[in-house]
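Shared chain: subunit A. Partners: subunit B in the first complex, subunit C in the second.
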Partner chain A sequence: MGQPRVIIIGAGPSGVRCAETLVAAGLRPTVVDEGRRDGGQIYRRQPDNFTRPYAKLYGTEAGKAQSLHESFDALRGKIDYLPETLAWNIADRKVHVMRDRQTRALPYDALVICSGATDRLMPVKGWHYAGTYSLGASQIALKAQACAIGRQVVFMGTGPLLYLVASQYVKAGADVVAVLDTSPFMRRVAALPKLLARPAVLRNGFALVAELKREGVQVLTGVTPLEIKGSPETGVQGVVIRDSSGNERAFECDAVGMGYHLRPETQLADLARCAFRFDHETRQWLPEVGEDGRTSVPGVYLAGDGMKVLGADGAEIGGRLAAMAVLKDFKLPVAEHELQRLREEQARMDRFRRGLVQAFPWPAQQAAQLPDDALVCRCEAITAGELRRTVCDMGAQEANRAKALCRVGMGRCQGRYCANAGAEVIAHAAGIPVEQVGRLRGQAPVKPLSIAAQEEVE
Partner chain B sequence: MSQRFVRLAETGRPRVRIVIDGHGAEAFKGDTLMVAVLSHARELRESEFGDGKRAGFCLMGACQDCWVWTADGERLRACTTVVAEGMHIVTKQPEAAWANLA
Partner chain C sequence: MNAQRADVIIVGGGIMGASAAFFLRKRGVSVILLERGLIGQQASGVNFGNVRRQGRYIDQLPLANRSREIWLKLKELIGEDAEFMLSGHLRVGYRPEHEERMAKYAQDSQPYGLGLQMISGRALRERFPFLGPEVTAGSYAPHDGHANPRLAAPAIGRAAARLGAQVFENTEIVNIEKDGEDFRVTAADGRIFRAPVALITAGAWANRISTSFGEPVPLQAKGPQMCVTEPVPYAIPPVMGVASEKMEEGIYFRQVARGNIVIGGCAREAVDLDKRRAYVNPKNTLLQFTQLPRVIPALKGLSIIRVWSGIESYLEDDRPVIGPSSRVPGLYYAFGFNGEGFQLGPGVGDVMAELIHTGATSTPIEQYHIARFSRLAVNAA
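Let's turn to the complex of A and B:
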């Protein structure tokens, strides 16, 4: 056989490092990327005619962003790069990709899925009003377009991104009204031993919070979100929460950036028939991965936040590890010493990841308390009450069954922003553990395709 | 207040002229369609399910909340489309204007 055909999906930190490692071993992988440029979301590049320097765009991570971009630039010509190309299905050892309404099937001997993550969302009454964005969205608006999502912005949710985005907004001159964190402060203290696995990152985190307070931004921990106030016509007008002392407090704003850490994009792994397992710490289903990103399906590998949310540094390591797993499985040589070093480094990343999960937990109880008239599904305006009726009156206790009956998870986002919370609503209404609700099956196409899309026939 | 997004930097770029719901508007070269529209308007579209105006949500091509239409009826995802000179954008889906023959 000639060279093995390796396809990498995604050109973020894991995809780029994976490609680089394979190229160094003499292979020529194909890199399929939905983005216009490499970098993924975290190291997303601004358009060519923008002029802000790396330090301004990426802060403490400027060096890493620049290094990743330069590494990718050096790979051009040594890989087959397909930008602005959506991988929309995986079947019969082929990746179905679409660009400019032309779809074709690319066969592979090895497939490395580096699909990244999206924000994990917990609904709150009023989150469908125009002006509510995900935290990731808030960051992209600033990083890729030099815009704030509104004149007066509240950031609400939990996780490291909450503080990072808020401080990036303050630095860029936006008006940040408040940072409202659902995690109680003491959780952070309890998580310290694990967080100390990466002391520099921890120090950066403390510095961000101190900086926000110095700038006069209200930073509250242990809050319970009650409502985003606004109107269907004009959008967001404010946020109401209960603070950690039990007092109701209102903040006026015209935009809310909201997110509860991240969730891996696992649809492609699902379509490739990878086995999943329930992760009790994060309360979500994740692909089962063995050593170095091998899945339950031979020839299919995962790396980066699409496998497990280790963050950008862990994604770079994961990409290299997955590439080495590919090489090993093709009986090609790898640097064993380097492999060992990367595995140890990744164990440290994972310890820190577990610290973050402990410090900034997914607020499952909020789903139980969600008022009946709050929307769970933004795509099709389906309320918590309708979902509960599906469970209580129609007996649907399984995620796909409930989806079939009330359409939560069937809309245009395909469950990306409602499935996690929907499962919690179902579990609470049915009085069963959330893992028993199961998970929504991935469906092709993983994103809507135009009816005008045409298959290329060879 | 007529705009949702606030530009904080990068405003020295060449201008691009587009049309939003029949009105002329200026954007900057390199803007996404979403930024171009939300620098002039408070929303991108109307929810088909009667719950009001929408202005996008994820900005990374995952949620599909930012669909807009060209005057020719083509659907565009505003957060991943780059603005181009002369674009005619419609923020009401063509279906909303179809006659109800039932």
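Let's turn to the complex of A and C:
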């Protein structure tokens, strides 16, 4: 056999480091990426004609961003790079990719999925009004297009990204009205021992919050989101919450950035038929991962936030580890000492990750308390009330059954936005543990696929 | 353990089993309906949703007509909406032989009241301006339509339960045997169900049971290849299908009230009966992309948002197995619908209820008797 054919999906921190490690071992991997340029979401590169310096774009992470970009630039002649290419299906050990409406099947001996993560979203009444964005989208608007999502912005949700994006908006000169965090402050204190696994990152976090307060931004913890006010004509007009003392408070704004930490993008792993398990800490289904990113399917590996939300540094390590797992499985040499070091480093990242999960928990009870007229599924406009009726009157206690009977999660996002919250609504209405609700089966295409797509003639 | 008892045990809660349970209850017969997963979860829940008579074998039209009468009043019968729409069904052809075949079918089916209208040339284009230049002829069935398979069988199952059918979901059967006068059905968890009559409506899995009673059939399980577009403004009322002898040209599609266009056809794939999963081969999705715009070029501008498959069962003569067992008194079958069971479901349920209750049925079904495969049993012996 010649060289093993390795395909890496994703050119973010994990994908780039994975490719780099494989190239160093003498392989020529194929890197498939949806992005126009490498860097992934976190180190997204600005368009060619934009000239903002690294420090301005990536703040404290400028050095890491620059290093990743330079590493990738150095790989360019040594890999097969397919940018702006959607991996839309996986079947029979082939990745089906589409670019410019041309689709082809790429066979692989090893597949490393570095699909990253997107915001985990919790519905709130009114979240369908124009002007409601995810935190990730708020950040992309700033990074890629140098524009803000509104003139007066409220950031609501929980997790480190909440504070990071808010501070990036402040730095960019936007009017940040408030940062509304659903996690009680004491959770952070309780999580400190775990968070101390990465003292520098923790310090950065404290600095962010301090800076926001110094800039006069109201920062509230332990809030309960009640409603995004607005109308179909005007879009978002304000946010109403209950603060930690139980008082209702309203904030006027024309845009809301919202997110509750991150959720791995697991659809490709699902299409590759990897086994999943329920993760009790984060209350979601994740692919089963063995040592160094190996999945239940031989030849399929996961790395980065698409496996587990360890953040960008953990993703770089995960990419290297997955590459080493590939090499080992092909009986190619790896630096055992380096492998050990990376595993230890990864374990430290994981300890910190668990601290974040503890400090910024997914507010499951919010789904249970959603008013009946709040939308759960935005694509199909399914309200919490309709979903509850499907559970209580039609007996749907399983995610796919509820989808079949009332269309929840059936729209073009395939449940990316609503599946986590939908499962909580179902579990609460049925009076069963959320893991019993199961998960929506992954179905191709990963993103909408144009009917004009044609098979490339070889 | 005390056995649950009823007059009839139905094994398999697809649209056939659910409908049979419903109509048996209407006749006052007590029923136990056993379903391994959830009602209407397999082929009944994931099929295309055609409620069409056009194109069916002529010998099937009396049964299809009986089913149609039920579809028309299904909402009142079961008290729930399965999104049945009397939208019309348009078959189209590209070549003279397609037109000839459609014309012959229109003639042969005339006694059965399908009301088929052959249209071609300018008249066709004026009436359906969205058709592509390759389409030369069409046969329009004004009284056919479509419904939502995700909703229909579960709704019929709930209606049966409201009428007193004992419906057991998540109940896997490990054994079924004749024990004296009764059928004795054992579930995986040890529960026992007894009844003097058993009806097997277990779809692609029914052959395992019929074989255990000495009546194997050459049942083949296959997965249709489906996909659906994003929702777009409602513009294509009739269900559409291509009347080609070539399977790869045989695309069919329908637009639902929500606006999505559901697409199927051109190929079928192998399935995993044990894991109960069927997958779409990406090649087939792309094949459908080449066929769809031949019928309506404008559909090229849309995107699909999801693909799926299901587990259907096919027989070599393209006819289902319906009727009593040829070997075991009290045993009945209704399975193997060759991808065309959804429209027939309510009618078959009604016929089976009548047959079991009265010993006869007014709708001819003799041609679907399982005995036509008896040479297999002889060969196996």
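We adopt the following convention: the second predicted complex is superposed on the first by the 456 of 458 C-alpha atoms of A that agree within 3 Å, B and C clash if a C-alpha of one lies under 4 Å from a C-alpha of the other, contacts with A are read in each partner's own complex, and residues count from 1 in each chain.
Definition applied: contacts are C-beta pairs under 8 Å (C-beta built on N, C-alpha and C of every residue); 3 or more make two chains touch, one makes a residue touch a chain.
Since the model is a prediction, treat every value here as computed from it, not as a measurement.
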Exercise for the section: Report for A:450: first if it touches subunit B alone, second if subunit C alone, otherwise both or neither. Expected result: both
Exercise for the section: Classify the contacts of A:89 with the two partner chains as first (subunit B alone), second (subunit C alone), both, or neither. Expected result: second
Exercise for the section: Look at A:404 in the shared chain and tell me whether it touches subunit B only, subunit C only, both, or neither; answer first, second, both or neither. Expected result: second
Exercise for the section: Could you tell me if A:285 is touching subunit B, subunit C, both of them or neither one (first, second, both, neither)? Expected result: neither
Exercise for the section: Spot which of subunit B and subunit C makes contact with more residues of subunit A, would you? Expected result: B
Exercise for the section: Based on the superposed arrangement, let me know which partner A:103 touches: subunit B (first), subunit C (second), both, or neither? Expected result: second
Exercise for the section: Have a look at where A:48 lands relative to subunit B and subunit C in the superposition and call it first, second, both or neither. Expected result: first
Exercise for the section: Could you say whether A:412 touches subunit B, subunit C, both of them, or neither, answering first, second, both or neither? Expected result: both
Fill in the blank from the handout: subunit B and subunit C footprints on subunit A meet at residues 380, 412, 448, 450
Handout entry: Partner subunit B, residues of subunit A touching it in the complex
Key = 34, 36, 41, 46-52, 118-119, 128-134, 136-137, 140-142, 144-151, 172-174, 231-235, 254-255, 265, 375, 378-381, 412-413, 416-417, 447-448, 450
Practice task
Please give the residue numbers of subunit A that touch subunit C in the complex, ascending.
Solution key: 88-89, 91, 96, 103, 105, 380, 394-395, 398, 401, 404-405, 407, 410-412, 414, 443-445, 448-455
Completion exercise
Note: in the complex, subunit C contacts subunit A through residues 38, 41, 45, 150-151, 154, 158, 229-230, 258, 279-282, 285-286, 289-290, 292-293, 299-308
Problem - Parts of subunit B lying in touch with subunit A, wherever the complex brings them together - result: 1, 4-14, 29-32, 35, 39, 42-43, 47, 49-65, 67, 75, 80, 82
